[in-house]
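Presented sequentially are two complexes of chain A, the first with chain B as partner and the second with chain C.
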Partner chain A sequence: MQAFVQSTGENKINVRQICFILIAFNVCGKLLLFPNNLSYYAGNGLWLAALIDFAVHTLSVWAAAYACSKSDKTFYQRLVITFGKVPAKIIFSLLALLFFAAAIVPINEQKLYVQEIFYDTIPSLIPFLPFFIFSIYAVQKRFSNTGRAADICFPIFIACFLALIISSFTEINLSHLLPVFNEPINNVLKSSLSNIFRFNESAILLAFMGHFKYKKGDCTKITLSYALGGVLVIFFCILFYCVYATLSPDQFFAVSKTSIFFSAINVIGRIDFIVLYALEIVMVFAVVLNLQLCRYCLEEITGYKNSMVLSLAINGVLIVLTVILDHKFGELQKLYGGVFGIIIFAAFTLLPALSLTIKKGAKNK
Partner chain B sequence: MKEKFYCLIKKLPSLVICAILAVLLFLFFVNDFGLVDIHKTSVVMSLGIDIDGEDLLVTAQIAVPQPSENGENTSFTEVSGKGATVADALNEINSKTGFYPKLLFCRLILIGEDCKNKNLFELLDYFYRNEYSQYSALVAMCKGKAGDLLKKPTPMANMTTLSIQRILSEELKKSANVSTVNLKMIAQTHYSKSNACYMPYIESSAQGQASGGEQSGEKFNSKQSQDSENKQGSGGESSSKQGEKNGKNGGGQEQGGSSKQDGGKGQSGSSSKQGGGGKQGEQANEFTCRKTAAFSNGKFTGVLNEEQAFALNLLKNDIRLAIVSAQSNGKDYAIGLRNSRGKERLNLENGAFTFSLTYSAKARIQGVTEASTPKKLAENDVITKDVINATSSAIKSAAQSLVEFCVKNNCDLLGVKDMLYKFYKNKFNVFEKDFLNKINVAYDIKISGAK
Partner chain C sequence: MANLDARIKEVKSILTSQDILVFEFVSEGGKRFAAIYADGVADKVTLGELVVKPLRAVRKDDVIKVIKRLLASPEVKDGKDTNSAVEEISDGNAALFIDGESEFFIIGLKKPPGRTVAEPPTQIAVKGPREGFTEDIKTNLGLIRKRIKTPNLQIKNIKVGKQSQTNVAICYIQGICKKGLAEKVEEQILNKEIDVIPDSSYIARFLTKKPRSLFKRSATSEKPDIFCAKVSEGRVGIIVDGSPIALTVPYMLIEDFQSGEDYYIESHRATIIRLLRLLSLLVGILLPAFYIAAQLFKIQLIPLKLLLKISSSVSGIPLSPSIEMFLTLFVLEVLNEASIRMPKYVGLALSVVGALVLGDTAVKAGIISTPAIIIVAFSAICLYTVPDLIETTTTLRWLYLIVAGSVGTFGIVLLSALIICYLISERSYGVPLVSPFAPLILSDLKDGAFKSGIFSLSKRPKVLKTQNKVRLKIK
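What follows is the complex of A and B.
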């Protein structure tokens, strides 16, 4: 037990930071291709498709938060207590794989975003590669660092998101949302399902389980924070559709598109880039979070504590995959938007459900 | 030995990071990360699209940054390319200039009159596909060839593009003088259920020898002086309309001097040519776009005259101050309209649809063909009922004329079908066909005094 306390002593995060992650990182991960992908099938019903995704996943987040309230053991420890070491390692391996798989699309999205928006030429893959230097450094860091990053990112996110909304407001036309429920429900569901692979916040909470001190009411705080993130994303989706209407499916990287009609841009130039660059900081931390958690899972499974080596290994595989998947984002999205994405989501949803059923273990002193 | 090994393992991450940094630095210095030297490139500011036989003729007005020790120094030139599509034509421009034209700074797309028979979205297809073109780029149609228009010297700016952008500005849009639209607005209205769109129709005329003033002519609301904000030229009254002159330049490759002009205010036509892209000896031109080109189903349907375009702008745009002419008691009034609000509504009553055009504004006399006295000027805000009625009927008549155009050409510029779909979706399939002919139109114009 003493060993556990020592191992997690420097790996602590607090509830405030978790809430920030569930708002800022959650929203930032869904500002690039999520809105236009939703509108592809759901049209002006994109908000409904997003609502379905968030409603389902909010339940999952609640389940994970509720499981956190039941014990101060980590998820891995509880799995060991319940199923034994080998099944626990198998489940955690699966979780590590899921976190890794969940990071692939966002990283490739980021790559395309950087190449298309921040460069006025078509650059090669090379300008994106420095991202992995940051990633190698960040992935080996512990949860306490993740929490500090969330503390720094949250105010940046709030300020930028507000600036983005304000600069987009002049261009919105709410009548584009009419008629309400225009698209058949099948299309809305198809839209929901094809983007559901982006929802893994409940699994993030499972990884944080036992690494934060649970107090009464934290479950509500965590769930509401996630729901607030959902509301912000849905709001942004609505705003995006009100700006672009039927052109939405073709508007990739929504976050960079809604404010380009802001009148000051015509006079001063792309001042919206200040906001986009600042948001990029948050997005980068959001993207590496999955890899950090993957590293954490591998550490728990192997017991190998040199996090830098694990980080190098994870990022090495990712670099190879990024090179292989260069110019294949369409295929990647098809893969994730299909059965594979649903499997990922199902696994991310089932694990919190599982966490409700496993043994709590004795309380740490 | 073991200690040394562990020490090395401990240092491994920093060593790896240093190695990666070294590789990146090397790549940066040998390849510039694909960055382009500004002195070796050019920036496409605007594109003109014309028809040349079976092909499209694309003319790009390009800003070429020049190395200079004395600050900003840019020259402008026009380069043309031909091809089956805009992309083909741009590729030819590429082969002529040695750089690939990126449209990141292309803020204006001009469509020549001869493109009338082509589908608009066939012409604009490239801009919607190309991830580097901005949806905020302005689109306009022009009388004559777009390429020729871009080559015309203008006293308003040292580049025709800037001069045209000025007359398509947001400020002018807010005065109901121009139907400014961008790529996004065009596509949005075209892909709506109305399937119609519009864009400003630019006309050019030679500027007189006197400094830039207004054009004379039979304009709907230009008998009176315009608000000074909206004037393109300052000071003088140019009266002599010297007819259109399609300034032919010998090829599109000229590169001229680069000295910037001071906005052309109060300058004569001849002096304005200095440094204006090497177009010495040509008559300076001024541009107006108070007419509007209308498209339905991507096809050109006609040009709205100034009266119709004014009504369209009043209803569709957020107007700050519009000037309308009204006649009362044998006098011509220029009425300024503020707090302008245009609204369209579609109502279903007794199985028939009524399309209501509601417009309200506060009126104030801006000018009158009568010598005034200080006392009368002090009562400027008191506007008589006769003048108000005359103003209302002028606006109503413009709106009626606009609706007539829409019905006659089956061109739903006012978005009536879109409203039918949005508010009466279940009746859309029944009424959609020939809908504009089936509806009743009600006009509700409310003009009141400013005080």
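What follows is the complex of A and C.
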């Protein structure tokens, strides 16, 4: 148990940084294909579908934040105290797998986004592979580093997001959203379900459990931050649909599409690219977060502290998967948009619920 | 009772060099003395006026206490043993031996040749003090004492360098500086054994655990006003004999974006200048990289009219954009290096040759395009807005150029993320390198990217964990 206490000491994050993660990283992960995927089934009800996803997951985030308030032990320590070592290891292995699985789609999304936005002609997979150099380096870093990355990324995110929103305003037509409940509820629900695999923030909180000093009111702060992130995503979805209307499902990488009608672009060129590139810095940090958490889970399970080796192993598998899945993004999306995605979401939702029931353990001195 | 000749012989057997002089003299009462000193470092006039002259009155049977009282020099210490005498003589002081006495005195006569206090060439200020440090540690410590008169100012003298025995002074203010920090700095310096310390940059390497890092871990200053301001904020300052550049730790990256003048002008103007420096630095590092990445991978980055201009300039250029940019940057670096090293008069001619002949002819000959020269020149100017980071930023510019030429803009983004990831995990004596941005410390931001007025800066930087937090009280 002493080892746990020592490891959390090096692995500290604070509530402000968690809130920044829940806003910046959360939103950045949902700006690429999430809006146009939602509009595929839900049409102008995409914001309703997003609202359902966020509402459900906000409850899950609240549960995880509430569980964090109950004890200063890490989730793994609490699992060990409640169920014993072997069951705890099994649950944490599952969590590691979930984090890994949750990283596959965003990385492949990133690959396609990079190929479209960063190059004039769609290149091969090769130019994307240097991403894994960054990933290997970032994944081995501790939570304190993740928190500081959030500190740096948050103002970049806010500035870029605002710039994109402002430059998108010129082309919006709010009447595209009318009538509000145009789409049948089934379509909206189908849209919600097919994108629910993107929601794993409550599990991120579970991983941070015991690694931050909980103070009164932090549960509310965390939940509200997540909800704010949700509001920003929903707002962006509305904006996106107001620009493209029924063309939305075909407009991939929404974040790069909404501002192209900005009048200044005609005069001074695609300045929105500078904003998109700055936002990409936040996105790469957001994408590697799941892998960092996967490495953390593996570290806890195995007790193996050489984080570089674990990072190399995780990224190695991911590189192989990325190469295999090249040109198969459609199939991947179908898989995650179906039962597999629901299973992932269910697991990510059940774990916070489980965290509410397990023992708190004695307070650390 | 020690024989004077034997004592002289003992010292001279160790200090065999011919510049170690022995001045023997006899008082009117017949007492024999010998002053041993290093020629050129010790002040002979002071020796004559404050030591030899007063000792003329010594009688043969005067005891050591009486002799000491007669010495007019303000800097007299009792000598310990021959080794300490040797050390002091090498340092520029004199050892005074008395015939028939086992005890001896060390007389402070150190006056090494050096320049006078002048405005430092690297930190010129339009407003504010113009004094700069010199190569003499005593002068430098005097400049500090002139500004910080509190009895809490502590100066710890240590010697570093097996051969050079360089004097290094560790300065801090007791009661403000974090407890144990000065000791940690001292330990870091003393646990390295080196032959010679020619400059404070050697000590700067000792102060970091990662001496090969691209980013430094200690701040440098040539101006006593900046040095004192940093010490009074709770930092530890290090002055090295023979170097006009003083060091301070802990170091934060933002320090290099702050200039002394920022504190002497209006805060809103200082804020604008700081943001300008930050922007210039980004432009200086990234502009050449973006230029070639845009040409090679993402032509849409360039506005249409500008693109037409560029395309007319680059048409007919036999080199690829990246090779062209590499070549232009290479020429710039060569010109820069040569103009620093060459004698002044040749340097002037060289800049004419470089700017006019090389640049103009290369463009006319169609080897290099005009935009490439404009971009490289502008980038070089931009980087010099933050001169203290120039070593790092020029290297980064090369790195970005390589990445942009091979991976394009995505490479630029990835390298930026990698640098951010590296910087946020680095520390200087427990202080994160990129604080107050990561971890975000709102109160310290007042003197970060923007500069608040003096009344808003009533507290010392939180990140330094000083003992005394308040620096300004309004009564």
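Points worth noting:
What we mean here is this: the second predicted complex is superposed on the first by the 363 of 365 C-alpha atoms of A that agree within 3 Å, B and C clash if a C-alpha of one lies under 4 Å from a C-alpha of the other, contacts with A are read in each partner's own complex, and residues count from 1 in each chain.
Rule of thumb we're sticking to: contacts are C-beta pairs under 8 Å (C-beta built on N, C-alpha and C of every residue); 3 or more make two chains touch, one makes a residue touch a chain.
This structure is a prediction, so every number in the text was calculated from the model and none was measured.
When the two complexes are overlaid on their common chain A, residue A:Ile319 makes contact with neither chain B nor chain C.
Using the contact criterion defined above for the overlaid structures, shared-chain residue A:Val284 touches chain C, although it does not reach chain B.
Using the contact criterion defined above for the overlaid structures, shared-chain residue A:Ile133 touches chain B and also reaches chain C.
Once the two complexes are overlaid on the shared chain, A:Ile268 sits against chain C while remaining clear of chain B. Contact with chain C, but none with chain B, is seen for A:Gly147 once the two complexes are overlaid on the shared chain.
By the touch criterion defined above, A:Gln17 lies against chain C but remains apart from chain B after alignment on the C-alpha atoms of chain A. Once chain A of one complex is fitted onto chain A of the other, the partner contacts of A:Leu178 are limited to chain B, with no touch recorded for chain C. Under the contact criterion defined above, the residues of chain A that touch both chain B in one complex and chain C in the other are 119-120, 127, 130, 133, 137.
Touching chain C in their complex are the following residues of chain A: 14, 16-17, 114, 118-120, 127-128, 130-131, 133-134, 137-138, 141, 144-145, 147-149, 151-152, 267-270, 273, 277, 280-281, 284-285. Listed in rising order, the residues of chain C touching chain A in the complex are 297-304, 306-307, 407-414, 416-418, 420-422, 424-425, 432, 434, 437-440. Residues 116, 119-124, 126-127, 129-130, 132-133, 136-137, 140, 175, 178-179, 182, 244-247, 250, 252, 257, 260-261, 263, 265-266, 306, 308-309, 312 of chain A touch chain B in their complex. Residue ranges on chain B touching chain A, taken from their complex, read 9, 12-13, 16-17, 20-21, 24, 27, 31, 33-36, 102, 104, 128, 131-132, 134-136, 170, 182, 184, 187-188, 191-192, 421-423, 425.
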